[in-house]
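Presented below are the structures under discussion, each in the form of structure tokens.
What follows is a pair of complexes built around chain A, which joins chain B in one and chain C in the other.
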Partner chain A sequence: MATLRSTSPRVTRRAQARLGVLLVAPLMVLTIIFFVFPLLSSLYYSVISYDGVSADPPFVGLANFVQLFTDAEVWHALGNNLIWIVIGTISPLVIGLVFALLLWTVKRGSRYYRLALFFPYVMPGIAIGIVWGWIYDPINGWLNVALRAVGLGALTTGWLGNPSTALFAVLATAIWATCGFVMLIFLSALQNVDMELIDAARLDRANAVQRVQHVILPQIMPVFLMVTTVTLVGGFSVFDIVFIMTGGGPANASDVLGTYAFTNAFQLNQISYGTVIALLITALSIPCAVALNRLQRRLSLEGMG
Partner chain B sequence: MKRSSLWVGLAAAGALALTLSGCTGGAPARSGSGDGKTVSYMIGQPDTPAQLKALRSELAYFTKQSGVKVDLQVLPSNDNLRTLVQTRLRSGNGPDLFAYDTGPGFAGVLAKAGLLYDLTSHANAAKWPLFAWTKPSVTFGGKFYGIPDQIEEVGLYYNKDLFTRLKLPAPTTMADLEAAAAGLKKAGKIAFASGDKEAWEGGHLLSMAVAGEVGPQPMSDLIQGRGDWDSAGVKNALRTWATFQREGYLPPSPNGISYDNSNALFYSGKAGMDPTGTWLAQDLKDSATFDVGFVPFPAPSGPAVPTTGLGSGTFMNSGSKHVTAALKLLDFLVSEHHGEWELSQFSIPAFPVDLSKVSLTPLFQQVVTDTAAYAKSGSGTGQNIDVAETDVFNKAMWDGMQGVLGGQRTPDEVAQSLQAAAEKH
Partner chain C sequence: MTRLEDPALPALDDAAVGVSAAVTKVGRPGRGRRRLNTAGQHVLLAALSLLWLAPIILIVSTALKTRADVQSNPFGLFSSFSFENLVAAWTGGQFSDYLLNSILLSIPSTLLILLLSTMGGYAFARLPFPGRTAAFYTVILGLLVPFFAFMIPLYFQLRSMGLLDTLVGVDLVLTVTGLPFGTFFMRAFFLDLPAELEQSARVDGAGEWQIFWRIMLPLVRSGITGLGVFTFIQTWNNFLVPLLYLPGGGFRPLTTGLLQFTSGRQIDIGPLAAATLITILPVVIVFLVMQRQVAQGFISGAVKG
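Entry: the complex of A and B
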């Protein structure tokens, strides 16, 4: 069996190898410090029972994992994550795409619309949470005041205090904050769409929906999948806006895995159990991200992108 | 050679990572008494910048008197205080002194882990004049570990002007309270400005109701783990608030109303009563344009049982390198001068202070006088549950009260969950 051998002198090969290691080393160090070590550390914490202060936490084996799978609140929180993933992924994609398509053809004042729609995305999460908390206030909140003003007083409720509406109220806020980002990404992708193909579709009497479905979407599919990946994985790891607006309440009604992990780790001093829940978030989100990445690559190879 | 270089590189990186990891754990550093002239003191963010400025000024006075400088470390959020203190103490990089929640579920955990300095002999020698009833909250395993601080009472503020105008009785008995609530509702007002969005407010509502239902000693037994939370008294206390909610005496969807917004309902005159703590006295001075009264939450029969608690305590790091300086600051924190300063900041110290030397609003004067009287009477008070219980219990209580106020859970179910949470520790 023939083997390929480099024709470069041995000294050159050695120098190239050294250079390679030198170039890779910074990234390796960063990866080890910020990824490998925390991951190993998490795995260590998952098999002990650490309360945050004990000098000698006991080894408990898989007990934390057993607790994870028998804890009804985990499944409830996971259910909320799934609601968040489905609605929180589809809604910004659809709304962002519609806005992007509308602005794509706008000539005058386009930049002002873009600015207005993108502005929520750059606002700090804490500010968004507080402002929307006021909007949702049962007595003086704008939403209920507006509903009463238009004769829909029967629909008023304590949006964040009602267990049936709390999660959806927070989700609506998150969608409002995300749509501008999605729109801007789509808008930049649309700049690369081949206008001749759209004109050809028009000549073939394709209506607007058909043009979007069969001409525009295939051309921006890699970007579409990238945005889908970002919002979908964000659905697993969602934490800040829920924590700010409801803290997972009322009575755990809007708890997601992120808030439940935080509650256990930092409010109940069950660092190990909180770590296990965080590992569950990682274990669930990585396959989704990888699958979408592969789909994106396959579609690119098939020429859809 | 090429491979061995790579592995050497990786090994070096791994060693670096492990070295860095040493910064995040390990046993706390120990050191004996030092003669440093600077002591670090970590606290959570005070409610207002003015309060922080006043504290800095007070500590500057201490420095002038003692020659000990204070490195005041203020965390931007009180929520992070516990986590940060724990991490820093464990890493051997903790502050000399720090504010922390009292009770076995909080400071007691640090004491058990050997992270707190034993103050027993110093406190005895210095004869700290603390109220006797406050000492158990900082005493663990027979050793004394800190200075209890910020005595609080939770009860009912009521709008005296509104009550007079509507000819309602002051809510000093349960019958009067119910009559007042019904009268306020009839007049188109919200009876209780009760929001429970942050969840901890519900713990205060339950505390005052349980105190009236079971009385001081049985309540103490409950908190010490000698009583049954799934008992008639606790269930009745839960039912009181469930009934008030059902009767429409609380705002709509109290779980959606934040603490600040619920107080705003009281300030604006939309609500007639505000069930909360004495810490609100300062805000009331600035925000209420009407005469305000404060009474303990009434008992179903007999006299009302006041509900008191401690807001926080000051503790010392067992690994402090500035023991002498830190002890001087602790001595200052229980001095007459500091006690007067605390009262001027609408905070009640855990030791007696001569009220004649301090100018207080009538409402706060009444609160401080009442609290001192409770401390002297020896008849005992009810307890604010959340500052005495564990995190696990508090979570069950807060979720349970949100469930009761939101109509998701019955008082009986919540009482069961409270007992289950109490049994975990």
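Entry: the complex of A and C
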């Protein structure tokens, strides 16, 4: 066998190319059929008016986009996405960092704390939505029971049914689920923190907060940005948890772009309009992802130098 | 991750940093305060862990109560014990069917993702072939583009292909949503392998296929395991894909089955809790058995792009 095979570079290169094409072929076929093709179709859908059934939907040019920018509900939903992004990015970052710093110096039992705090992140969204729905239950829910128990009965409300609290109740649930994930990432970054710098800061009489701010944070900055990217970009396409817990309600109060796109496309049969909203989500999230990724790369390069 | 348990890891609290550990052992004044700090940390972390796990405890408790007790005292913890709810969910609620569907949706798509990502990742990492860069970017584009961008046209595409409301169709879509990360992840593993391995095998007369199958593949086994665990959890938990592409409800998995259960007129909390428990149980088991792989998978899932 070995004697038959030539090892000349040209033969090798041809054999490599042949195997390469063979190995990626199934991957590419699936990617083109189920990703590239529908992605391009989405552009076509955005300039027609498709209701899901008609065989020959009319071309409407930019009418769907005009509707998009004049639709008050789009702006309202986008506003909710921005609330989601700001609060839903900052809170897990802060809480996750506190968890990580608390855990960093613990040796015994640290594994169990990490497991407990991280577990919500791997739970299916539907299970999270169901159990938090119980916690927010207006009558028997833990939250209202606890509020009554400490004499804050005036604050009790139907958290998911009240238009002014629904979005925040869902957001709190999402934050609960995300903190452990952020913690885990920070913990892995903290392993690389230069302890000598912390010693030096201590000798310079820097207190704990100063040490975190001036010594630890700069060293884990790339990771900080990475986590920000993930939560921020995810904030534009948030869907599952909102859909499950409130369905965007009551009366659109907690609608985000994702639920609004879904409602239009699959409940109101405004397929084209739903697609245009989905394209807005795409157009908003991609530049953020790219920009933060660039920043992150530059920072990590600086960190190495 | 595991290195966090290293007892040699320096601590951040007042006594251990700045003053060396050896000095602390001798019994300098720092010692008592240090111990107090550690105890405080443990108390705080235990409380937080309990708080973070409380919703999961609520699911377990409610699932294992008697139906009468759930009616009168729905969210009191462990106030009675019975398997009534589990039996009710299993038989009356069709959850045995949903469980089977969940398995038929997550296992084949996970295996397919592992197979195609490993093949593709190897080709993109080590086999030069014409069009490689373009093909790679096409696949990786999936990391940047949210599912929303193509999910609506994909619905109608599946419908015209006869794949809507079929297990095969949803398995293929789940596969395609996992391929960008899988390919990216496996490629990184193959890129890390030394080129000498490949060259010496070639000199020994090994063909390209043998190099891939016999030499390179066994070296990335840990990567495949990690990706498998991560992908299984992701596909098991997936909510939107079956929600969209199984509208008939014939092959409903646990996630959308639970949604169906909650949208009934009279929500029966006991069986719902039992069904939720059934849904999260596989995730709990995989999570506990494969802690390290899960954590690694989710951490690298964040580094994508």
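What we mean here is this: the second predicted complex is superposed on the first by the 266 of 305 C-alpha atoms of A that agree within 3 Å, B and C clash if a C-alpha of one lies under 4 Å from a C-alpha of the other, contacts with A are read in each partner's own complex, and residues count from 1 in each chain.
The definition used in the following text is that contacts are C-beta pairs under 8 Å (C-beta built on N, C-alpha and C of every residue); 3 or more make two chains touch, one makes a residue touch a chain.
What you see is a predicted model, and the numbers here were worked out from it, not measured in a lab.
By the touch criterion stated above, A:L203 is placed in contact with chain C alone, chain B being left untouched. When the shared chain is aligned, chain B comes close enough to touch A:L268, but chain C does not.
Legend: residue contacts after superposition of the two complexes on their common chain; A:A251 is shown touching chain B, with no touch to chain C. With both structures placed on the common chain, the touch criterion links A:A116 to chain C but leaves chain B unconnected. Of the two partner chains placed around the shared chain by superposition, chain C is the only one that A:F35 touches, whereas chain B remains out of contact. Contacts of A:V66 after superposition: neither chain B nor chain C is touched.
In the superposed model, A:G52 lies in contact with both chain B and chain C.
After overlaying the two complexes on the shared chain, residue contacts for A:T157 are found with chain B alone; chain C is out of touch.
By the touch criterion defined above, A:A17 lies against chain B and chain C together after alignment on the C-alpha atoms of chain A.
Note on chain A: of its two partners chain C and chain B, the one contacting more of its residues is C. For the contact definition in use here, the residues of chain A common to its chain B contact set and its chain C contact set are 13, 17-18, 21, 28, 32, 36-37, 41, 52, 133, 137, 140, 266. Chain contact summary for the complex, chain A toward chain B: residues 13-14, 17-18, 21, 25, 28-29, 32-33, 36-37, 41, 51-55, 133, 136-140, 157-163, 166, 246-247, 249-253, 263, 266-269.
Residues of chain C touching chain A in their complex: 1, 3-5, 7, 9-13, 16-18, 38, 41-42, 44-46, 48-50, 52-56, 58-59, 62, 73-75, 116-117, 119-120, 122-124, 126-130, 132, 135, 138-139, 141-142, 144-157, 172-173, 175-176, 179, 183, 202-205, 207-209, 212, 233, 236-237, 239-240, 244, 254-256, 258-259, 262, 269, 272, 276, 279-280, 283-284, 287-288, 291, 294-295, 298-299, 302-303, 305. Those residues of chain B whose C-beta lies close enough to touch chain A in the complex are 1-2, 5-6, 9-10, 13-14, 16-18, 20-21, 27, 82-83, 86-87, 89-90, 109-110, 113-115, 196-199, 251-258, 261, 265, 270, 391-392, 395, 399-400, 402-403, 405-406, 408-409. Residues 1-3, 5, 7, 12-13, 15-21, 23-24, 26-28, 30-32, 34-39, 41-42, 44-45, 52, 99, 101-107, 109-128, 130-135, 137, 140-142, 145, 176, 179-181, 184-185, 187-188, 191, 195, 198-199, 202-203, 208, 211, 226-227, 229-230, 236-237, 239-240, 244, 258, 261, 265-266, 271, 274-275, 278-279, 281-282, 285-286, 289-290, 293 of chain A are the ones that touch chain C when the two sit in their complex.
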